[in-house]
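Look for subunit A in each of the two complexes below; its partner is subunit B in the first and subunit C in the second.
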Partner chain A sequence: MQLATTCRGKARLIASLAPVFALISALMLLAPTAKPARAQSEPENNKRYLSPIEMALSPDGRLLYVVCQASDELRVVDIQSGKVVDVVPVGHVPRGIVLSPDGRQIYVTNAWSDTVSVIDAATLKVVRTLPTGLEPTGIVSDRSGQTLYVANRLSNDISVIDVNTGQETKRLLAGQGASYLALSPDGKWIYGTHIYPNHGAFRAQPNSEITVIDTARQAVVERKRLHNVAGVFHVALSADGKLGVATQLRPKNLIPLAHVEHGWVFGDSLTLFGEDVGGTVQVPIDELDRYFALPWGVAITPDKAKMFVTTAGSENVTVIDVRKLLGFARTRPQSFVNDLSASANYVTARIPVGHNPRGTLLSQDGKRLYVANRLDDNLSVIDTSTERVVSTIDLGGPRTVSALRRGEQIFFTANYAFQGQFGCANCHLDATIDGLQWDLEPDGFGKDIVDNRSLENLAGTEPFKWNGGNPDMPTECGPRTEKFFYRSQSYNQQELTDLVTFVYALPYRPNRYRMANGELTPAQERGKAIFERTTYKNGQPIPQKNQCAFCHSGPKYTNQQQFDVGTAKSTDRSPLVDVPQLSNTVYSGPYLHDGSARSLEEIWTVFNPKDTHGVSNDLTKDELNDLIEYLKTL
Partner chain B sequence: MRAQPIVVGLVSLIIITAFAPMRSVLSSGPDAPAILFTVAKHYEPLAWTHGADRFSSDAIIFLQDVTGRHPLAPNFPASADPTVSFDGKRVLFAGKQKAQDPWQIWEATLTGDSLHQVTSCAEDCVRPLYLPDDRIVYAKKTGGRFVMEAADRAEGKTVQLTYGPGNFLPADVLRDGRILFEATYPFGTSGAPELYTVYSDGSGVESYRCDHGKARHSGRQIASGDIVFVSGSGLARFTSSRAEEVRISAPAGEFPGEIAETVSGDWLVAWRDGATPFQLMWWKPGTGTLRPAVAEPNANAVQPTLVVERTVPKRHPSALHDWPNANLLCLNAYTSKYKFAAGSIHSLRLYTRDHTGATKLLGSAPVERDGSFFVQVPTEQPLQMELLDSSGKTLKRQAGWFWMRRGEQRGCVGCHAGPETAPENAVPMVLLKSTTPADMTGAAGHSASGGQ
Partner chain C sequence: MKMKLRLLFAMLAAVIAISLANAQDMPRFRWDNFTTANGLPDNHVFCVLVDGSRVWAGTENGLGLYENGAWKAFRPVDGLAHQAVLSLALDKRTGDLWVGTMGGLSRISAGRIDNFTQLNSGLSNDIVYGVGVQGDFVWTATAAGASRLNTRTGQWALFNERNTPMYEIWTYAVSPAEDKVYYAVWGGGVLEYDVKTERWKDYNDPDGETELVLMKDQGLIHEITTSVSYVDKILWVATYFGASRYDGRYWHNFLQKDSGLPSNFLNQIKAVDGNRAWFSTDKGLAYYDGTNWAVYRPALDTHKPEMEVRDAAGTVTKIAVQSAPAHNYVLGVDFQGDDLWVATAKGLSHGIRQHGPTQTAQVLRARQSIRKK
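Moving on to the complex of A and B:
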């Protein structure tokens, strides 16, 4: 982790400037008809949007601490008045929060700083900053308050941090995209989820896990397997500890996307676990003609009567009667997760809330539920008895909604797809990837399987699609999406412009493999030389098209052309693939156009037997490692 | 989508100004909007199932607002099937300019200053509905039976939507863009009427729910998204969350058809008790009493329609390919209400039927061990599937017919799995063997070699 620490300064600078460059580039590239009305819609006085995402409650129940992802702040709300009473700057892209058991410390994870901000709850000042793994997200404290557990999304692990020393004492292997944690009421167990599927065989059913940690041993003691699940989000426990629940997606990436109806693309569901249900039980929350996309936050009332689930793509909170749910599950020994009529037996209400609802928090008495409407900069307050929104707490974000913000709202909603089944953010989780390969319909069934591509800093990487078939982003997001993905009327011209503006503005995430001073490590230097070489080891020239740096050239390491590099499968209609950009490629696995390479290494050790995808067969294992070390810095 | 040139389809706009005195359509508020309804001496709501008229020849549409009651098209000897445009300003209806004319589709402004003929069908064209993007759908009688047709009014093109045997009648356009329609179950039989959906390019035809049984017709979608319809002689609804109809507890009597819902949730319904004509009544669902709205002493008052703006349904972006045939992928034939024994399904036969009603075998194809099959089929004609065991014995033959549009690619979760069943995520075994569908177009002889 030394490298990651030393690279942070530069990474932060790049990350902060990237959106500006990307947006400028994007606006230059937009079609003449696609002109965002910047002057009228930019936030006043350049105020930043807040994007509240998670919350915690002070021990006396008077204050709400709200993590604001876009403004890099913790906002403190007086619940009685509904007013923001303090603002605490934290690190970059804060994402998770927990209080120490005595309530004196507030811990906030900073996903793009790879740190935890330790805030004194009395003075509301950051008093310490603790290092973590890559992209820390969820965080819990053990019952003693001596140990913090932090789920690291990009390093796929859980940091165990000694609060007294501030040092990480252990790193526990978790699922891909480790993200959310929950402590059992008795303090003995921690349950962890992850947003990307674990690596498996090519075209195998995706699998995920709930990672169970014994807090006494600080060790993983169980991995509860979640079959055919990819994308697991928040996890919660009932007050008696007998029922656990995690929100999740069940993608249908292995079947051709011929249409959308009947849950053909995604299933929105929960996994129940714990003594109340025995092993694990997956339960659907969708209906036959309406979908409740991207179940994200979840909370169980103290009396275990109700469960509340935010559906981030559907601007809703789903209310579940726990007694009915458990009763129904007991009557259905066979899986019923594909039964779209099942939810009628336990879902009692759908409560409309704001854009992209994420974190949920119950008051101590369970009478109020707070929901963070991430793209409205406010909180919905729900009476858990009447199941209605009783008030909305404004967190003080900009009053105007910019084109960029509108585009973000469009990106994260599922309202455009047929019957609201999914949106951009279903496959591009938190605007990244989903780690899955899909069988899209236009080319025929079972043909041209495609891996999900990264959206980071796309300007200058056109054309799009793995075959380079879409010349620009409006084409990519417009008619093609409407016809072959959503299967329903989608964006008008303004909405498409806003969406494209947002997508083009997505920045690079900080690259943790670059040195802060811009220099390369010796291994990276050696890898760079291999990447740029023009001759074999024996001195013979390598044909230009077989040199890494020929196709992967330019500022984003793509010459924006299509080549046959020998990676096509028998089901591909053409051997030509669009040269992908390599910037931050370390975060975009699996690799190759169809995702058949599970790691960078497999690109050459498994899928390049004839040196058609660069020359790699004359490299030693160490030299290949060097090449990969260099690629990680791009 | 392949659009057909107009032969007897849309006609150029024939503007007839001042066909009726200019008028203002007045309502006394959103809860008491102006209404349209049809008055006829005789009304048989299911006559369409055998290609007959639902109304007696004296049927007349009336517009009723706070100023009184006016015939919508006073110079027409017959008019029926009113439907209001999404902006609440125009009305499509079926009408006859002369008593001996076939029914045609007409459009009128509600202010009475414009009327034009939309279709010029050789036989009757009835039950028009507005679609998004200046398209309409209606039932067109051809060879004595009703088929559904959609027309693009801007381009002047029509496309046939239904290709099964029997009669088809549009019922409503759902907010998700699908057309709700009525036909017998199974198609082409003398079975009870059932509610189905189809996309506005004729693809994706299926029954709305699979708890078949009672005669269901005259469905309309209400604000909640539920479909309210006649089931037997009473009312029922389909909700999004349930796979079966839910009976509506309503006052005793007979409800013949469509309901109209106000902003406050009151319903305007046609109703009668005993042998008296149908009358229009206000009803607040959940209560036990009806309030008279429109009374006609010697005739039926039916087809209540509110003159209000309403949400434009989503447009369906047709994804039909420019291919002569269609592809059908079944993920798992064992996913079925018929509970086939594991490993019992060996092959599939596909049939069509010609214009005389004679059944013709198109071919057969293997069914894989996981129950998957992938076939290429002819389009725009009736199709019927039959599942066979390894000895060639029929396990189940589809009772009715379905169709696929030219260039359609369709997947099925199973064989009669029901719309409540979502697919399991697994690569169908048939696609691991080949991504080329078995040819069932009837162009070449084809025999089952077994898929297991």
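Moving on to the complex of A and C:
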């Protein structure tokens, strides 16, 4: 209950950081060489950072609507003057935007409120709030304006919403981490992407999909398979509807990451689809000795001459000549996505922009490209013919850059890694997870496989690493990162301090499995009793170390120790594993230190044959289900 | 007296007219049969489901999809939970297909297959005899009780002997609707779930006899139920010892000896509406239109195509037909407009409805004429 209250209180990303800073101050004892910054470095007048992430244009092309993720606002910019002319408060952590076809309504998804704010474009007031699935992100309207489609990142589906009734009529199955949507120019199809890979076999190459919805049937009719792809972001269509493009990552998570200098860790790439290419074609945007990390936003000019891709980790915009790209692709019938020399044939420019560029938007005539620099609180305006930034629109965020903000910039940049290959945010997408299992260290292929852990509210869960080998966050993020990950001289002391400050400040996402009144459902109550039990069903005492609530104790359900619970594999160097916190564990699957349990159930049905990881073999299936229902509430 | 006679004749004429009209409705089919010889994954077909122009057939060795005149097979190598496919259900809102197998529950969504098993999910048991979709819920009938998956939240609810009147947990079929969900419990009668009150109620054979029918029309015909079909607030039940119809107040039971059922051994029952239903038996496929019966099968002795019509008076007439379902042992049917698809132990049959002048009606009309004389 106390935890629930705390979580909800931290729903805003930035606003409620004071307690976190206090906590960080306490942690300074644990991190004598990398002290988190103090609260004095907060922005002036407690102004909140804005973190612009997506944009939409008014039908007359005069106004730019900018979704500001950190300030829970929509900021309205007069394009001619470059000034913010209005601010509309919306829900928590807004993430997506679309206008109704007639331009009278503005729809904004609120990821942490599980809602869509309906804003009257004339009055700029929120007139309605519509319910969605979990963590709504991308949104489109059909051509009639009667139906909204919303990609829900945490429920892995797409809400179909009747605009007239405001009711969600159905959910369509999407990929894991469903996030971005695009409507075809003829209005017949919607293309959806997802940021986590779909479930597959343990230690197999990841797969993703582009989900295709028939708007007439309001049903998924095709899933374009993206092989060896994990992390698909924005998707866009050319004006003639014949070319589609999605930005994506191709991870090499099956071989040791420490070999970064021998080959790329992430391939930054695009998937092309549509009549122009037939099927799907994956194309690289990296170069042989320089990488353009985290391709995120994408736009195609109306004349289909150019494609612009924001690379969120590399702080620039990649410009692609579409004619050259298509021509090159036609000459290469075999896959060339791993050929990093290929990009020289179609990438024509790299335009430097601000920190963590995300959403892109073209003016109606295609002459201007707007880029949301999420961690600078501004927009870059690019002349698409000269391919230069011609102006920067300040959205009115704080003038000072706090330690927290600097840490966030470090977290999201790839500039520290060898050849700019990747940054923290490559694996921790939007500071979460990537759904992958990695072979991190140079100890041989397939050894010490680790699942990507959540970063939410880490203070008080030390030590870190799967075996508890890193006593504190500076160790976790500092030399270890330099040596094993980036293969370069990375952070200086101040940078490391800032990064630690940011990581420790990451709050819990709202837990949707707890009831609003804090009470538990009957199934959750029964599960809680199982979690806290101290005896077998026959009344005999369960050894303390084998009681769930012994290891998973304290406010974050970890006693911060290491135990052999029988889940280590023969390829692990030690059978001891660190006890992970359980808060929001429902969002962090797969499970166990190496991600071998593909669901919560498998932790016990597959990987606990001898009751070494808690006592589960005397449970009925009903009781195991109850236990899992309870775990989802933590 | 004359007036009374006239009235009697008028009533008789009305009855005859109604009977004739009903008889004219007795459907006739041309049967096209599919086996492994023309692409079906396996000849032992457990279930069939129609999705528009597409037909899914659950067989002992894979799930078949018939589309554009060709069969495609799905097996574990393609991602299916198990090769033996026992049940099928379509979510008409999303187009997703739910597949009950002997190794778990599969969801096929626009080509993507996700599996739910007793190990990786909250599913009660991997042997999924029945599956049904209602709104956001997927109901399953398994060898260890009933399960309900909330597709929005991912939450599983299990129903068994611990929280329902289910004294036998071998659930065999499920028929979910907006107000009620019915389960056929093999050896345990029928279970009813009230969606509004979330309460369970059981219906059992009142005489408790396994072989005898002592109390006909006073309750469910038998405890060994194999199928339920709840349509228009009417419950139809198939058992190994006859069939039942329940309107919420009255039961009506059907036995081979006093109905047009070709056998008391029923594998499936599928209602068209509150008055009409199809019966899958071990001795052919039967149709009941509320008054008359029709049976379609290869003749039990000669194996030649056969169609028999039984009218309300119990008179049985053979109709000359050129084709019949692939086998007498029928496991399930589904509708495709006026057409039928029939799962049998030796192939899948497509019953193509014949709409010409009905020979059925001609036969009955002739019989009526004889009676008048």
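Basically, the second predicted complex is superposed on the first by the 587 of 634 C-alpha atoms of A that agree within 3 Å, B and C clash if a C-alpha of one lies under 4 Å from a C-alpha of the other, contacts with A are read in each partner's own complex, and residues count from 1 in each chain.
What we mean here is this: a contact is a pair of C-beta atoms (placed from the backbone, for glycine too) under 8 Å apart; a residue touches a chain by one contact, two chains touch by 3 or more.
What you see is a predicted model; the values in this text were computed from it and never measured.
S.K.: Taking subunit A as the common reference for superposition, should the pair subunit B and subunit C be classed as clashing or as fitting?
M.R.: fit
S.K.: Name the contact category of A:Arg48: first (subunit B only), second (subunit C only), both, or neither.
M.R.: Touch partners of A:Arg48: none, neither subunit B nor subunit C.
S.K.: Could you read off the angle at the CA centre of subunit A, spanning the centres of subunit B and subunit C, to the nearest 10°?
M.R.: Result: 130 degrees, to the nearest ten.
S.K.: So, does A:Glu209 touch the first partner subunit B, the second partner subunit C, both, or neither?
M.R.: second
S.K.: For A:Ala219 in the superposed arrangement: first (subunit B), second (subunit C), both or neither?
M.R.: In the superposed model, A:Ala219 contacts subunit C only, not subunit B.
S.K.: Which partner, subunit B or subunit C, is in contact with more residues of subunit A?
M.R.: B
S.K.: Does the superposition put A:Lys188 against subunit B (first), subunit C (second), both, or neither?
M.R.: After superposition on chain A, A:Lys188 lies in contact with neither partner.
S.K.: One more residue to check, A:Leu172. First (subunit B), second (subunit C), both or neither?
M.R.: The second partner, subunit C, only.
S.K.: One more residue to check, A:Arg143. First (subunit B), second (subunit C), both or neither?
M.R.: Neither partner.
S.K.: Just checking: does A:Glu629 make contact with subunit B only, subunit C only, both, or neither of them? Give me first, second, both or neither.
M.R.: Touch status of A:Glu629: second partner only.
S.K.: Look across subunit B and subunit C in the superposition and give the shortest C-alpha distance you find, in Å.
M.R.: In the combined three-chain model, subunit B comes within 20 Å of subunit C at the C-alpha level.
S.K.: Share the list of subunit A residues that count as touching for subunit B in one structure and for subunit C in the other.
M.R.: After superposing on chain A, no subunit A residue contacts both subunit B and subunit C.
S.K.: Enumerate the contact residues on subunit A facing subunit C in the complex.
M.R.: Touch residues, subunit A against subunit C: 133, 155, 157, 169-173, 198-199, 209, 211-212, 217, 219-223, 513, 523, 598-599, 601-602, 605-606, 620-622, 624-625, 628-629.
S.K.: Which subunit A residues qualify as touching subunit B in the complex?
M.R.: 203, 205-206, 228, 250-256, 258-259, 261-264, 267, 284, 286-290, 338-341, 343-344, 347, 418-419, 441-442, 444-447, 479, 482-484, 486-490, 571
S.K.: Going by the contact rule at the top, pick out the subunit B residues touching subunit A in the complex.
M.R.: The touching residues are 132, 176-177, 204, 225, 239-243, 314-319, 321, 327, 329, 331, 374, 409-411, 413, 419-428, 431-432, 435, 437.
S.K.: Where on subunit C is subunit A touching in the complex?
M.R.: It comes out as residues 93-96, 107, 109-112, 114, 118-122, 124-125, 136, 144, 151-153, 155-158, 160, 162-163.
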